[in-house]
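For reference, chains read A, B and C in written order, and residue numbers begin at 1 within each chain.
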Amino acid sequence: MKTSRLTTWLSSYSTILILSVPLLILAALTNLLADYLLLRIVTALFVSLIVVLGMQVFMGNSGILAWAHVGFMGIGAYISAVCSMTPAMKKIAIPQVYPFLMQLHLPFWAAVLVGAAVAAVIAAFVTYPLMRLSDAAGAISSFALLIIINSVLVHWDRVTNGPRTLFGIDELTNIWIAVGCAILVLILAYLFKESSLGLRLRASRADYYAASAVGINITLVRYYSFIISAAIAGFGGGLYAHYITSFTPNAFYLTETFNVLAMLVVGGTLGISGAVVGSLAVTIAREGMRAIENNINLYHLLPFDVIGLTEVFLATVLIISLIWKPEGIMGGREFRWRPKAGPQEANLKSADLAKRE
Amino acid sequence: MFTFEFLVTAISSGSLYALLALGLVIIYGILKMVNFAYGELIMFGGYVLYLVGTYTRLPWLVVALAAVLGAMIISYLTELVAFRRVRAKSLTALLITSFAVSTLLQNAALLIISPRAKAVILPPVFSTSVTLFGATIAMRNILTITISIAMLVGLTLLFRYTILGIALRAAADNFRMTRMLGVPADLVISSAFVLSGLIAGVCSLFWIGRTASVTPTIGLGPLIIAFIATVIGGMNSLVGAAVGGFAYGLIFSFIGVLLPQVLLDYREAFMFLIVLLILLFRPEGLVRSKHAEERIG
Amino acid sequence: MLRVDNLQVHYGAIAALRGVSLHVEKGELVALIGVNGAGKTTTLSAIAGTVKALGGSIVFQGQSLIGKSPEAVLRLGIAVVPEGRDIFPSLTVEENLRLGAFSRHDRSEYRNDLKETFELFPILQERFHQLGGTLSGGEQQQLAIARSLMAHPTLLMLDEPSLGLAPTLVSQIFGLIVTLRSRGATILLVEQNVQRTLEIADRVYLLNTGQIELQGTPAQLKAEGSIKDVYLGKAK
């Protein structure tokens, strides 16, 4: 029995549907319940998902740890904030702000996109040499990049207000914008994975020398992929800034790196389903633990305050996950609707690539 | 500007950083793993100093010994509990594990002790100074130099003349072959971690000696320095690490004097930039070793 | 002394060894020959413990070697000189040898062992304090063998010791193997150099695509005549 073209097409992109629909339902339910705290958590979940997907785009397909990823999220956050804040607000929040920056006042979407663009441009300028480095040197360099970005954010107070809190950003990221953008990025990440660039990147991960031998310019492929992932991180950062409305450079440093890594690794680095599952799992775990932590402190259930319990728990979970199931919950597979096998099945170019990895 | 005092300070930093770098490279050489939890070993040493120093009346030397022992033990435990089981998997998994261990230890300190800085009692000798060649030199610096150099010499002797040292160097060359000669893999790796802890413990004494306080995040500074130093000097040799540490100390001191005031805050970022540049043109680091790290592309 | 039965080893989905059986008795010089990729190194690795066996048995002096770590296998008395020598380039000759003696508990033995080593390998005495990485290929091969001998193994396994060496050095190495044998050593030799191997071995196994195709004394194999076919790919 011949499977129709529609069925074929649906199967290929079923992953996106299977992932998007629950997210939309979640957004709708949360909106319905109208519980403020839940609304905040779920919106944050969607924004985190965007950043995690950005990391998946590079790390999942190349096998290289991008320690600086969250730094680009920070760049996007700060740039978009500076663009979208009113001049009056900037005068108060960033006392020493550059005059031309103060005058700048862009609408929400423009600001966020500018943030993403700046992140991408900086990535373009800075990361090419890093793409050629081997494991240890690469790990240290990308970590170094994270430190440098943080250092600049902390010290360039005419733009960022330094280590002090930057406040006064309008809360423009609501739950629908967050989930909508998350789904958009989902589609983008999926398309990337199946695109020619994504395929070449994945080839380099599977077998470096074979890929080179086939003529793939691995350094260039990694470079382009990293720029894309940095842009996504910047985009996520911009949305984050307009959700949380005030932050310090520390929000885009080691703690956030840990969060993003945990989400990606626990879920599974090799596919977008892993990013979604991991973000959900870690968010649930974290908020659950945080609730416990807060209640212990609030009601003095213990003779001392517990701070950091959540992080200790999450770190333990991550370590156990790495020991038992380093490939993550999804193990590199994607959610997919597979229609009954027919002769057309063999033509599906993307059908089982996810599984074969 | 470049007084004798400045020189002593620079050498003091340099020797401490050389030691720091060595502690990192010992593990890297064998496991090819960058231990992100290395800074937390220093943090742990600091907290032992705080707890034992504050809650007992033991003489400082004993407290210091406890700190060093503590760092050695926690280092051994991280290997036993976490790294040993991830070793067989990918290097990436090992890296992430070390990052997770680092986060865990930091937050454990936060949880068990306090997020606030804790004052550490230092021996009175740390605040005295001597006059040498007409300049006032802090006793702390002299102690740092002597102990660091003593440690470096001691470790060199260990690596060169003891069977354990030879086994460690062999393992860094070819781990599999070392096992095939009957050297137990676990022994080698545990020893490396214990040694790394020993170094971290000693370094913590002098690092904390600068500020007389300890916080959960105190490990990040030394970690970054160790990173930079090993990259500058070369990750594949012990000598390289030491050279890198000294180089870092000297460059850092000189940059501090030469940079215009405006850019001084970015000193650390500058150091990292230098790292990136060195990696661009000389990925193996300054000290040539027999087998340079494979550079891709 | 060593009995391998129906050994199976898989690398992922690929079956490298599909049921290899061989045995080595005390004092014998047994050779394992075959083309590249036949599975010779895999066989040695499985015995040595660096590669996991999927099935079959390996029994050495009554003890099963399956699942044992390389360190444990050495302690039971089997030493391997791997393909490519694998000497430690940043250690001196002396340190390489000292490490070879790691498993020996008797310190005084070390001096006697060194004396014997210098008798067999005079060049190593010359180069005693030189770094292993500065030695020539032939010297490194000698160092690798000497190093393994320091452990006083009951069974010595050599993986392609003549690989990459000039003809005169090849003769030297083969001469060395004969000398060791005459001193009572038990040797399992993996080689690609069929001619020289047939000259010195007591018994030979011919390995092809993971299975033993022929076995017997060199005379028997020469009479059989099909070795050439196997090597030139004419056989199945």
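The rule is short, and it goes like this: contacts are C-beta pairs under 8 Å (C-beta built on N, C-alpha and C of every residue); 3 or more make two chains touch, one makes a residue touch a chain.
All figures in this text were calculated on a predicted structure; none of them were measured in a lab.
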If each step moves to a chain the current one touches, what is the fewest number of steps from subunit A to subunit C?
2
Nearest-to-centre chain - CA centroid comparison:
B
Can you work out the whole-Å distance between the CA centroids of subunit A and subunit C?
52
Taking each chain's centre as the mean position of its Cα atoms, how many Å separate subunit A from subunit B?
32
In whole angstrom, how far does the Cα centroid of subunit B sit from the Cα centroid of subunit C?
42
Name, in rising order, each residue of subunit A that touches subunit B in their complex.
63-65, 129-137, 139-141, 143-145, 147-148, 151-152, 155, 208, 218-219, 254-255, 257-258, 261-262, 265, 306-309, 311-312, 314-316, 318-319, 322-323, 326
Report the residues of subunit C in contact with subunit B in the complex, numbered from low to high.
48, 50, 69-71, 74-75, 79-80, 82, 86, 88-91, 95-96, 98-100, 102-103, 133, 147-148, 151
Residues of subunit B touching subunit A in the complex
28, 32, 34, 82, 85-86, 89-93, 95-97, 99-101, 103-104, 106-108, 110-111, 115, 216, 220, 224, 227-228, 230-231, 235, 265-266, 268-269, 272-273, 275-276, 279-280, 283, 293-297
List the residues on subunit B that touch subunit C in their complex, please.
163, 166-167, 169-170, 172-174, 176-185, 237, 289-291
